[in-house]
């Protein structure tokens, strides 16, 4: 996920049940199901549905392999399974809700999605005869199993595309209309919700004939959330608390595993600084991009977050002032140091707009300011190593 | 109107009140108003609205000049005026309904429409500072008073277009947003209703500021009516009974003023045959295009319509069979003659597919069949003249 | 020679299994048209008069070894999709026989085709035929003699009538192009004239116009500006049709009073193009023009 | 020389009266950029640092005597309209500084611009600058020395950092182009490289990439196939960033495993393009490459 944030590619993931609500609203066939937050509700749902699948509503991938999907034949069994699943943690994410769905008899599983092909600058349908599996891996090994159908963003979906898919998947003639409806609806969802992915994996072929979306995934372009106030509050719920805090202040922030805290302006420079830390033999604790033109106050908040971060041993600040003014940055650093009274070493490299003023402010407080990025990073790494050696924080 | 039908350019005109209902639904400001079918309803509306305009709901143009729009200050006056207008006939069209609207204080009248520029193959906004007048005449004399803004049919309306219009009309800044909404809605109406014209003449500037559509005209592309079942029943209500009858059978039919009835296949050939009648010194009674591949039965119906037409002295049938088969045509003619027992002379020219069979069928019944169009038309004109001379029908 | 299509043009028929599609496939095959494939969704695997039928244009293109042109007999409701399918599969000339297509749809696919360097003939056209080589259309072939006259028309049966009048005076036709009767079409008189200009087999061009629109006026204006030109003779149908009031005022505003018979005739004559009073007069005008 | 823009390029600023627009108009003017007009709807008739402001691009084009390029500082919600307004008024190079534009909007206007032969730089770009001639962007001008290196980047501040490293070793820059940080942008590395290829003042090209997408891999593949080429040196940011999972599976399927640091580095090196381990290493790689 980090590269999304780092590359400014941000999006909102919807839960399966949210994606299916939308799919159903657009006429795409899905299994009957109920949302359950308690074992009682799960048992009730099972009473109505018969044999059921209990599906953990989490945003991380591969939940099936991780035990996030179970089955039950009786309400009692559903109760027990739900009890196990609810409040458990799967791949680091807590399960708060289950989607209880009727078990559907299926013959085949396909893969069908619509997404954005950035390099080609088109919208594209992706289709595979083999769904319900790790499609990414499958396609890497057998690219011939994937059909791509590009869509002109000004023209939109055209029904003939569904006939290509129907032939590719071997769908009988009497269901072509259904596939046309599904693909048309997927395109409408892409547009109406500013989605960058609508994925059914699997889109299944039922025992009695007919298509059904057994799983559904929709992600929404963050840049479009202003058009979709109903999603604004849901944005970034998959982030950690710290990531969310940083985001609320307006930074891009990602947790990493190392001990050198990093603050830069601009995603590219932040990544390059992380890489430089690694080059000189240590590991970055985080990615924090204060963006362009950050004020004194925002810099202060960024610095405080990292000074108070338990894993950070040394804070490395690398600013190339363009819109960002170095004096503002310097003032923010000083304020954060005063407010936290932190003794963590801070290594600073400042360059660009109002560099001299910034340098002066920092040096008056006894802080060294580097001019070259290499020098600053080497110093930070050296400090972190000595702290580790001496066991002092 | 004839050339519309002749050129296959068919459309459904909406009444002002229908167009305004749509405009209002799309957020375009219109005067408050009520539909009235009786003087009582008109008086009631006036009670609610104060001073009112009573507008005859008819489809012919220039109804204002023809006395179709009147004003009233009191319910009593409204009653009297409505009594006059209702059931009166304006430019040949009977007034069945009135739109009773509040009188709006206005400062300026603009012209704003959106339509299809066939030659440029684009959608186009047309704007003039001088609305409420015979815009066609104005523009012919002062083309500089017209602003055209083309719209790419794949891209659609873009708000910047409204700013060009705002500057052109001199609309104050605080109303630009309103104009943007109006123009955006016009485009949506064009698309949602498959309109080929959405016109506000005038779009007025109110005394207190703000825009209002005082008159509204919308026409719908006939070819799109299958998408709009709510309009199907309204189609062609502006046609005469005979035109409607012909249309219901599937012909293009237009009443003209002359005495030679004409039946052909294909609009171009029909017009050319009309022109040939004029060239040889007479006048066509009608335009009737049986279209491509007409069956015996449809030909029979077409022939019957004209044989029974009181103004038709001679019937001229000119068929160039391509998809249309001459034997089918011949059989249809014979049947019509038998069923009507008409004594009107029929001049026939047949050519193309199954020509020999058709000719044989007709000649067996004593009907002459021409090969050359000129010969047939000359014969028809000669017959019509001799009938006129002899006073025989 | 002739323009746009010839005996080697490999043709697809979309909507081949329908009544019209199947009937005209037979006639086109009889004329010698190289029909290599047909498409009707759901009818893939069958054949029509020996022509293999596929479910999608994609398959038709892949299986047939290449397609140069498509002719569309698909009903109006589905015709736009057929056009897009042809364009997106790289077919560069599409003849749309279908009539009754909504004008907003026409605007969009004509615009899309242009961007993809695809020629649309029609909609609502009798098609295109290079005499003696190929017929991609529904016109009765026998009235067209082979010759040196390029024929371009907004009309159907009137074109056959005029081709017959030409033939009576031993004027044959190189290629006949039906622009299509709908208000929005892919080609106009200027486009087709330019193709004829580059065709060594075409000596003169006959233009068959009709009232409405301003295609004839535009051509006249264009023709005036040309330095090298081939002789053109015109006929305009609709002299006796009363003036149309199509689209209320707006349509008339766009064309600025153009579109009626007098306007067209005047424009053409001022451009040096003789206008026949009746179809049978065209050959004698050609005698003088060539 | 340099590419795409020079001292004679006549520039429009859309959103000129906003905080950013006004501030950078001043800096650009100071650099020598020929800013001839600004647009902010509703602010027509005023001026910003002496630049006349109009309500519409139409007026700006008409009144200013011609515009070659536009730079857009309009907020994300209104930026697409500003782009269409510029394209529809015939402006052929548009620099979109704005960040946060919805990707579906970007897809549409980039597609529309391409059809109209209009170059889009960005969105979310620092802009373009031909050193010593014109700056149509927001980059700090002083770090760019004039010279013979073409610089093209997906990044902002990192580009300034690298320009400074180049300058320290006396490598100057001909033109610097910021492709833009959004997933869909108007130009890619191949496009910009080709412009540099045709610029006699550019001797070598430095490419600054980052993880995500497959723009670097595509460039490497393209570069391999060239017969005549100028030397290229690259730097890729994001070696230590953990692999992204953007867009679930589908995104990864499209790029077929491309997009991570190893894939990019491998592709570039196999194409004969040296990849620096850190920004300060780029000059020494250039020493060897030129």
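Residue numbering begins at 1 within each chain, and the chains themselves are lettered A, B, C and D in the order written.
Definition applied: a residue touches a chain if its C-beta (ideal position, glycine included) is under 8 Å from a C-beta of that chain, and two chains touch if they have at least 3 such contacts.
Values in this document were obtained by computation on a predicted structure and should not be read as measured data.
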Sorted by label, the chains bordering both chain B and chain C are A
Of all chains, the one whose CA centroid lies most distant from that of chain B is A
Using the stated contact rule, I'd like to know whether B-D or A-D comes out ahead in C-beta pair count.
A-D
If you average the CA atoms of chain B and of chain D, how many Å lie between those two points?
54
Let me have the rounded angstrom distance from the C-alpha centre of chain C over to the C-alpha centre of chain D, please.
46
Distance from the CA centroid of chain A to that of chain D, rounded to the nearest Å?
27
In chain D, the residues touching two or more other chains are 108, 112
Residues of chain A engaged with two or more neighbouring chains
152, 154-155
If each chain is a node and each touching pair an edge, is that a line, ring, star, complete or other?
other
Among all the chains shown, which pairs meet the touch rule set out at the top?
A-B, A-C, A-D, B-C, B-D
Sort out for me which residues of chain B touch chain D in the complex.
152, 155, 158-160, 163-164, 166-167, 173, 176
Give the list of chain A residues in touch with chain D in this complex.
1-4, 6-9, 11, 13, 61, 113, 115-119, 121-124, 126, 134-136, 139-140, 143, 146, 148, 152-154, 190-191, 194, 196-197, 199, 201, 217, 219, 221, 223-224, 226-227, 256, 264-269, 271-272, 274-279, 283-284, 287, 292, 320-323, 351-353, 372-374
In the complex, the residues of chain B that touch chain A are 154-155
So in the complex, the part of chain D that touches chain A is made up of which residues?
76-77, 99-104, 107-108, 110-112, 124, 126, 138-140, 143, 153-161, 164, 181-184, 188, 208, 210-215, 218, 235, 237-257, 259, 277-280
Report the residues of chain C in contact with chain A in the complex, numbered from low to high.
41-42, 44, 55-59, 78, 81-82, 84-85, 88, 108, 112
